[in-house]
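Structures follow.
In what follows, chain A forms one complex with chain B and a second complex with chain C.
Moving on to the complex of A and B:
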């Protein structure tokens, strides 16, 4: 019974923890500009993250080795180092966006300028990393993130023409006021947001922190298979809200409060309060994950002792990296950068870096010397290989599209 | 000479995670020491790991060996080479390599200790075990 409750809570936290600032911004932006015509990308992205997150979790549970450890072993130290540089930089951008997101959510609740809240938000993130047990941390913010389900309630309350909504999903086309390049660019942004690499850094390191073994493979599978699809539906609800409310009023998404606007207009003050708590939890949870990921990737590349499960004085360099990265993110956020722009760049660059993370996972998941009898099955390999081709194509297209569209303008 | 196991050094040894006798991470295999024996074959005789070793392997020979020397002088009180672990001390070689040493005796621990003594120990709650 206790085990069942654990699994249940795990799935709920996976749903609530699925969405972060990248998903919020990308889904609202595309909903407002392209209506539901890019919804299929979310579906493709969710299937991709399911395939690779399960693999990363399985590799971590069976071999005890997290992703970045394998990056250096399988790509070699030189290429691994280039990968570390790119991954760390993108993760830094994401962390900055999440910390700013936390501050904006609090500022919308309290009417204080968000820049005053940024330092406090960063300190709060650090305190949780420093003191709170890993599982408690995952549960609290995952479950609070379920407040975002209010986006789904909003769609239901609006009572849209479901056939029309679905036809955009099933028969997508480029809206007349857009061109194929911006369509592709925002498609890539959505894909990058759904498959963000830090999720697998965190997921696999978390499996090692939680001391997963072969016995936990079933729970790994259930978490991913039952937790991520509803998370994807939540992303689509955010998109649908923007499509139904923002697009007809010709409102684009330039700030985070415009993401929450459809909920506020439809459900009033209570709805707004719930959605802001949801945004706070989602960005705070992701800020924790990215802050920890900064420490994970560097410590794992260099072989240092790492992890939140031990006291900080037993993993000193790991904690120092987190402190320095958080401090740098705080300064970057305070420098007046536009948090929504930082978010956009972080997800688009994530898309460009996807193969760097997912290729080593696929290789190791097929290596019996790490995995014993738990290597990939044939069908899984077929799907994963198709995805790898897609990932490489996306990676190659990203930077040219960024230049052609002037970053989506 | 004990019978050697057949391993592909670059695939099964290089860049693997090292763990000490308590199962705690203590660096990666940054380089290997090969020794030619009388039979003309090369044997892996030691695992090299620690600051500067990887740089040396990647071709930054002067910078790498300078860091190693500087580190040897400042990191530990004795003259021993803490970056070199004889291969006999490797008990298992699989996804990670388990060594019969304490991580505090290994070269890569000097930085860990410095950060602990000078920074982490000054922050309250540093010995709080999150799991308990």
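Moving on to the complex of A and C:
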């Protein structure tokens, strides 16, 4: 019974923890601008993250080592360093955006300028990373993130013409007022938001922190297969809210308050309070994950003691990296950069670096010397290989599209 | 040759190899600098640059009108929600503040573009007037909300409907 409850809570946490500031911004922006014509990208992205997160979790459970550790060992220090550089930089941008997101959520409830809240938010993130047990941390913010289901309630309450809503999903097209390059650019942003690299680093390191073994492979599969698709539906609900409320009013999303406006207009103050708690939980949870991921990738690459399961005095360098990264992110956020723009850049650059993260996972998951009898099956390899081709195509197209569209203008 | 020296030479070789050739290093540094520049220029508020001809100026004016329309429409919705008691005062205040900042920035940026010809000058005056008026109406909503008079915010925001319509017409006409 206890095990069943653990699995149930794990699935709920996976749903609630699926959305972060990247998903909030990307889905609302595309919904307001392209209506539901880019919803198919969310579906493709969710299937991709399911395939690769399951693989990363399995690698960690079978080998007892996280992905980044094995990347360096299996593919050499040079490839590992390139991967480390790109991942750490994107992770840093994401952390900046998440910390700013936490501050903005509090600012919308308190009316204090978010820049005053940023340092306090960063300290709070550090305190939780330092003091709170891993599983508690995952569960609290994952479960609180379920508040974002209020977006789905909003769509249902608006009562749209479901056929019309679904026709955008099933028969996507480039809206007449947009050009195909901008459409492709925002498609890539959505794809990058769904497959953000830190998610797999955190997922596989978390599996090691939770001391997963081969016995936990079933739980890994259940978490991914039952947790991520509803998380994807949540992303689509955010997109649908923007499509139904913001697009008809000619509103382009540039701030987080605009993302929550459809909920307030439909459900009133209670809905608004719930969505703001959800945004706080989603961004705070993701800030914890990205802060920890910064420590994970560097410590795992350099072979230091790492993780929350190790006492801080034994993993000093791991904790030091987290503190320095958090401090640098705080200063970057305080420099006055637009948090939404930082989010956009982090997800688009994520897309450019996706093969660096996912190719090594595929290689290690097929290596019997690490995986024994738990290597990928033929079908999984076929799907993962198709995705790898897509990831490479997306990575190659990202920077040219960024230049052609002037970052989606 | 002593073995330790051989070992040193080998490790020197390895180090040289791992560092790569100077040309490669330079290319790597240039690439990193280009990426950093791209990021920095993308994340800060960009001036929209000069307009070489009337067509480009009109397109920039239409884009500015579109962005302004988004800010104005957001405030209209927030004011409506405030009037219907659907948002907290803090939320309404921060939201309207942010849109006012956005509109101010759009206005400043648009005015910084040099119109290349007489037709463009007329466009500048037309849109400039629209933006100023919208900014004035938006400031009135902000004051009303800051004073805690949420119930009457929608009434004060009524003139924004006209601003939104005119901005939309302008954007449509010059796209």
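What we mean here is this: the second predicted complex is superposed on the first by the 409 of 409 C-alpha atoms of A that agree within 3 Å, B and C clash if a C-alpha of one lies under 4 Å from a C-alpha of the other, contacts with A are read in each partner's own complex, and residues count from 1 in each chain.
The rule is simple: a contact is a pair of C-beta atoms (placed from the backbone, for glycine too) under 8 Å apart; a residue touches a chain by one contact, two chains touch by 3 or more.
Here the structure is a predicted model, which is why all the values come from computation and not from measurement.
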Which superposed partner A:125 touches (first chain B, second chain C, both, neither): neither
Chain B versus chain C as contact partner of A:11, first or second or both or neither: neither
Touching partner for A:169 - first (chain B), second (chain C), both, neither: neither
Contacts of A:320 with chain B and chain C, given as first, second, both or neither: first
Which superposed partner A:281 touches (first chain B, second chain C, both, neither): neither
Which of chain B and chain C A:311 touches, first, second, both or neither: first
First (chain B), second (chain C), both or neither touched by A:73: first
Partner chain(s) touched by A:63 [first = chain B, second = chain C, both, neither]: first
Shared chain A surface residues [contacts with chain B and with chain C]: 78
List of chain B residues in touch with chain A within their complex: 12, 15-18, 24-28, 30, 49, 54, 57-58, 94-96, 103, 108, 111-113, 115-116, 119-121, 123, 125-131
Of chain A, residues touching chain B in the complex: 63-65, 69, 72-73, 76-78, 80, 130-134, 299, 301-306, 308-314, 316-317, 319-320, 369-370
In the complex with chain A, residue positions of chain C that touch it: 18, 38-39, 42-45, 63, 66-67, 69-70, 73-74, 76-78, 80-81, 84-91, 93-95, 98-99, 102, 164, 168, 175
Chain A - residues contacting chain C, complex: 78, 107-111, 177, 245, 249-252, 254-255, 257-258, 261, 264-265, 268-269, 272-273, 276, 336-338, 341-342, 345, 349, 402, 407, 409
